[in-house]
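Chain lettering (A, B, C, D and E) follows the sequence in which the chains are written, and residue indices restart at 1 in each chain.
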Amino acid sequence: MAGLELLSDQGYRLDGRKATELRKVQARMGVFAQADGSAYLEQGNTRALAVVYGPHEMRGSRSRTLHDRAAINCQYSMATFSTAERKRRPHGDRKSTEMSLHLKQTFEAAIMTQLYPRSQIDIYVKILQSDGGNYSVCVNAATLAVIDAGIPMRDYVCACSVGFVDETPLADLCYAEESVSSLSVALLPRGGQIALLQMDARLHQDHLEALMEAAMTACKGVSKVLDEVVRQHLQEAAVLNVCP
Amino acid sequence: MAADMRLPRVRKTLSVSESASHRRDLVVPGDIITSDTGFMRGHGTYVDDDKLTASVAGEVQRVDKLICVRPLKTRFNGEVGDVVVGRITEVQQKRWKVETNSRLDSVLLLSSVNLPGGELRRRSAEDELTMREYLQEGDLISAEVQSVFSDGALSLHTRSLKYGKLGQGVLVQLSPSLVKRQKTHFHNLPCGASVILGNNGFVWLYPTPGQQEEEAGGFYTSLEPVSLADREVISRLRNCLLALAAHKVLLFDTSLLYCYESSLQHQVKDILKPEVMEEIVMLTQQKLLEQEG
Amino acid sequence: MEVCESSKVSLREFGCEQNLLSRPDGSASFVQGDTSVMAGVYGPAEVKVSKEIYDRATLEVLIQPKVGLPTVRERSQEQCIRETCEASLLLSLHPRSSLTLVLQVLHDDGSLLSCFLNAACMALMDAGLPMSCLFCGVTCAINTDGQIITDPTAAQEKESRALMTFAIDCAKRRVLMSSTKGSFSVHELQQCIAVSQKASEKIFQFYRDSVRRRYSKNL
Amino acid sequence: MKDTPLSNCERDFILKAIEEKKRLDGRQTYDFRRIKITFGTDYGCCFVDLGKTRVMAQVSCELVAPKESRPNEGIMFFNIELSPMASPAFEQGRQSELSVKLNRQLERCLRNSKCIDTESLCVVAGEKVWQIRVDVSMLNNDGNLMDAASVAAITALCHFRRPDVGIQGDEVTVYSPEERDPIPLSIYHMPISISFSFFQQGTFLLVDPCEREERVMDGLLMIAMNKHREICSIQSSGGIMLLKEQVMRCSKIAAVKVSEITELISKALLNDRTARKAGGRCGFAESMPQERITALKTDETLMETSDVTERANDIVEKAGAPPQTVPSPLVPAPGVGQVSQGQQNTWGLQEEDEDDDDDDDEQNGKETKMETEPQEEEKGAGDVVEISDSEEEEVVILTSETSGQAKNADSSSHQKRAAASKRRPKK
Amino acid sequence: MATAQVSEAEKVYILHGIREDLRVDGRGCEDYRHMEIETDVVSNTDGSAKVTLGHTAVLVGIKAEIGKPRPMIPNEGYLEFFVDCSANATPEFEGRGGEELGTEISNTLYKVFNNKHSVDLQSLCISPGEHCWVLYVDVLLLQCDGNLYDATSVAIKAALFSTKIPRVHISTDDEGGKEIELSDDPYDCMRIQVENVPCIVTLCKVGHRHVVDATLQEKACSVASLIISVTHKGTVTCTRKVGGGSLDPESVFEMTEAGKRVGKALHAPLMKLLQHEESLGRKTPKVGFLG
């Protein structure tokens, strides 16, 4: 499609990856001191910054207070310079509002909100540079930020997108590949539970299973990387901590 | 005039040293701590399929049968008896709302404060009207957690002469998990200043008071200028606290004092430079280890 | 002035269905020829503090066009309808509450405003709101020959020189609201009012019949 | 206005019923409610009833400049309007979470799946293309708006005909339907969204949830598919945890439902086409149910208008020159305006009058309530008017000649009458 | 946070400290906090820089696009500013909460930077009256800990320094129409002269003295502040007074003098740092947010 060969005959993709290979993931927790939790994550050329405030007293309209759990409040925005073509508004359009909704939904599933009745948890994610898989990168970055904030979660939430080209599932799509087809999954890897599933593509039903399988494997791959980042962070901090 | 500009430095990636990789007490969310059903579930854990699982990233702590995971950084999870430093955010009927870095604003009831004119004085309707004269929005107080409401909000009290409104000094906000639990959180440091290490991570540095003026019931604050020498000590302590916190060193009177001593060779304003910070903290840790060993 | 030809003075076939939606407290659709409108009424219900009126209910009329968002034209029609409804509803019986009347255009083939009015009246009746009288809407067009056409189609509206819509109450056949467009003489206006009053009788009879039919099983 | 909250016992009841594989309306877990598709008078107007949920879709088109990135493709625009008619919780013109969710899902379902040949909508590359706009209005919300909206939108698109255009040199002529037959859109496939709701942490699954069920559900999974079993979009929403097996199961159910619904849509389209070919009338008037007692229809009616001119003449003549009854304000001294003092003040008097009137009325009402009732029923409408007439005459005498007051009093008398008539049934 | 709450007693403490030239964090009245600067941190831009000042963090991205020159000045390009006060910085900025502050800052930036004395706008012109480069300067606030203006201006200067605009070749076709061709070679690019680009110094009047680089707590004690933009020669290009309080002419004079002194001293280390970074070349990996 579109005159681009997304998968060469030798089985290599545009950026030289194999079909199931993930992009390089680099991350850091605790980027900012003022927030309760923060994290920066880059996955290939997509970069996101996530910040968590809370749990804290409800702000703004008290009518949103939930009496049995914490309310999760997400805002997704993109830096105006994050895309090749300059964006005019960082947030507020239909797509970003939807993305905010999806993030909220994902973290409502993963965070143990029932521990914090009547409080609010803010998760703000900013895309600094966009090259496909914005949702996944946001989820991964936000997961790290939530862990950094010490907010209890059932498990990591890892997200990844997969595409389907020439009967082959491709993992972790970049922007050029995303235009063809994409299935995004946010997974709690340990239980194999899907917190969010979204697909934008025409795909025959028979291929669905293979694609979902690929997506879940990719998510588990991401989760390994995140796990490393978290453990590294823990040790760095704890090594210096003189135990009483 | 001084402007210190530099390129950011790449963080030294600590190779996961042997000593650290053996630390089994560090867990991440979803890690199974034990499948033994004999343990009790504490903070930071949940039970999934009869297995005790961590829900936060941090250190596992065991007290008898109770297992908790203490995250490196979190909001204050108050318990009865904790000493806190907080800021008044709202004056309501018969109570103040206090920001204490908890997940909900804490409450200080009018009936839980000592009012001028005797401890056992009845609260009159007049007191309700003049609440803002005792404590108004923005004021800092030190207090103790009296009880915890069912939704997790804290009820505070200041019914002791050591608690009450705070006067001149400097507030440093840190992570509550860095504050070590001790018998007392009020310290008159030998270097010439006093500190309240609130369990909630709010640390209050103030000049050591001469003698307690007790007649005002804790609502009177002196507005006399603080001497330059005291100021220097307080500023140095403040920067030391930030340095220790940046390197996640547990805070208590000794660690703060050692850090203060190690920092003396530097100017106060230089302490916050990354390399100086690192040096001071290393020295502090050495001293702490020596003392332990 | 010419006497209008009787052949032009006719009402297209009209029909109505009440209580066709489950959510609103009252609903009706009204069809005049091809023009058709659906109306839903919510209330009396809680009102926003900012809109509260201490001695009567707040009536809100919303018109949803078929395509796109409401424009100034819809806003002015909303105004006309609201004033008519306020005149006939006994709003003082429900102080500090809100009534919402939503009108949805289903198809516009002329005489839309009168169809709105008729649908509104049927929906208000269906919602069981106390009213001092019923009202109906009649649209008259005067074409270039000076002939009066009642209940014009969109094509007839386009060719007309003047267009008038009246809301008429059932008790005295008085004019509750008038909305006109184009130029006409005083005499023509009076003629149109007279025609509309005549036409309203038919419509009121229809109201009566449909309500009778509706309650035929209950009584 | 707020939606009425669901009580806890209702919630428990519904959940309990779902656990026992029962539903409020007696359906099985995988059953859809009855779907009814009707068409409007124009091309591209379609109504879908899904049980009590009702939506309307209208397709329209206009010539616009194409997007720079795609100079030879037409533009598709979707808008789902949550009209306050559908539910009291919907507000006009507000971008609620639900509206964003529905709009994006519809876009995903119909635009991203490329079910319409947008290249065929190009008139002059880079300059003029057709913008097809699909407006979906919610008329009644009884749950599962998404499925109803997607069926309505795709059916309306299939039904739609755009005007033909001719290009001569630089000139683009749009032909009216009379000149040249309008052209249908070229549609590759028909994606239909199917919603699955999950309850009790995903243990129970229902197809086509109604409004009550939507309120107690944990989350929703929407799968859009066409009859070739090609999935066009999947979207989960709400805080649910799905397992892969559940998604696979849902996709299988969706395939069956989609083929059923596609069948229904084709049949509806065919029926409409034959009806239109036969020259029969179609539209709402035709779709109105005749058998229900809530509906009534009349045929075209003629009116007797012989005396209209006379009456108009009468009125105009009688009125003559408009009487200058409005007293001009007296100006006692330059720069001082005064109303009321030294003038004919009608306010106090009027209030009194009204009070009297009210009392009268009330008594009247009470007294006549018992006695006049049978009478009134006999005589019907005319008599009621007469009674009020007499009252009004009184009113007219009592108040001054300003018409506003007369009207005022008039309406008050109406009120009384209405109040009286309202009391009647209580007896 | 955009604003900090401070009790009366704390205010007194801060006030007295400043009177004695010893601020809460040990600085003197004209000292800046520790500043970290890095350029070229976002790859989708033509130039970018990240600056942290204490806890304040600012990211600036510059994109060059071809546009039409303003009719009044056909032979110059121009700059467009947008300041995004993102919710990341503080929850108060959520939704439209940050718009007001953003507009305020960007208006000041227009005044300071968008003139030919600060930036050589003529070099941005491609063909007079027809095409010119428009530099979209997008400022993203990541953390607020006071002194946003100074941090932003330093970040903009650094980002302008790193901006590389592709060279343009204009060729005329047969019909006299001009065709613009952009160079593909990443090294064939145009740099912007940043020598004259000013830096902003914000002076906060606290009590009877004024401080530079105020923290949020100090800002809360101050009633008025003066924003001064100063070039490397010490020329003041723009001053603005912000805040509700008033300043008497003497203190305005004193503050301007102090601003000139401080601002002038700000340029030298900045330029040195930027050149040093450039000399490191592409081999040293960027730290970005991973540091």
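The working rule: contacts are C-beta pairs under 8 Å (C-beta built on N, C-alpha and C of every residue); 3 or more make two chains touch, one makes a residue touch a chain.
Treat the numbers as computed from the prediction; the structure is a model and nothing was measured.
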(message) By that same contact rule, can you tell me which chains touch subunit B and subunit E alike?
(response) A
(request) Find me the chain with the mean Cα position closest to the mean of all the protein Cα atoms on display. (result) A
(message) Taking each chain's centre as the mean of its CA atoms, which one is most distant from subunit A?
(response) C
(message) When I count C-beta pairs in contact, which pair ends up with more: A-B or A-D?
(response) A-B
(request) Please indicate which chain is farthest from subunit D, where distance is taken between mean Cα coordinates of the chains. (result) B
(message) Taking the mean of the C-alpha atoms as each chain's centre, how many Å separate subunit C from subunit E?
(response) 62
(request) Could you please state the distance in Å, as a whole number, between where the Cα atoms of subunit A are centred and where those of subunit B are centred? (result) 33
(request) With chain centres taken as the means of their Cα atoms, state the distance from subunit D to subunit E in Å. (result) 53
(message) I'd like the Å distance between the centres of subunit A and subunit D, where a centre is the mean of that chain's Cα atoms.
(response) 40
(message) Two-or-more-chain contact residues of subunit A, please, as numbers and ranges.
(response) 28, 188, 191
(request) Two or more other chains in contact with one residue: find those residues in subunit B. (result) 11
(request) All pairs of touching chains, please: list them by chain label. (result) A-B, A-D, A-E, B-E, C-D
(message) Quick check on the complex: what are the subunit E residues that touch subunit A?
(response) 1, 42-45, 48, 55, 57, 59, 61-63, 65, 82, 84, 86-88, 90-91, 94-96, 136, 138, 140, 142-145, 288-291
(message) Taking the touch rule as given, give the residues of subunit A at its contact with subunit E in the complex, in rising order.
(response) 26-28, 31-35, 40, 42, 45, 47, 49, 51, 53, 59, 73, 75, 77, 79-84, 86, 90, 92, 122, 124, 126, 128-130
(message) Taking the touch rule as given, give the residues of subunit C at its contact with subunit D in the complex, in rising order.
(response) 1, 3-4, 6-7, 9-24, 27, 29, 31, 33-34, 36, 38, 40, 42, 45-47, 62, 64, 66-70, 87, 90, 98, 100, 102, 104, 106-107, 109, 130-133, 150, 171-172, 174, 186-187, 190-191, 193-195, 198-199, 202, 206, 208-210, 213-214, 216-217
(message) Can you tell me which positions in subunit A touch subunit B when the two form their complex?
(response) 28, 30, 36-37, 54-57, 70, 112, 116-119, 147-156, 188-191, 227, 230-242, 244
(message) Looking at the complex, which residues from subunit D come into contact with subunit C?
(response) 1-2, 40-42, 45, 52, 54, 56, 58, 60, 79, 81, 83-88, 92-93, 133, 135, 137, 139-142, 283-285, 288-289, 292-309, 311-313, 315-316, 381, 384-385, 388, 392, 410-411, 414-415, 417-419, 422
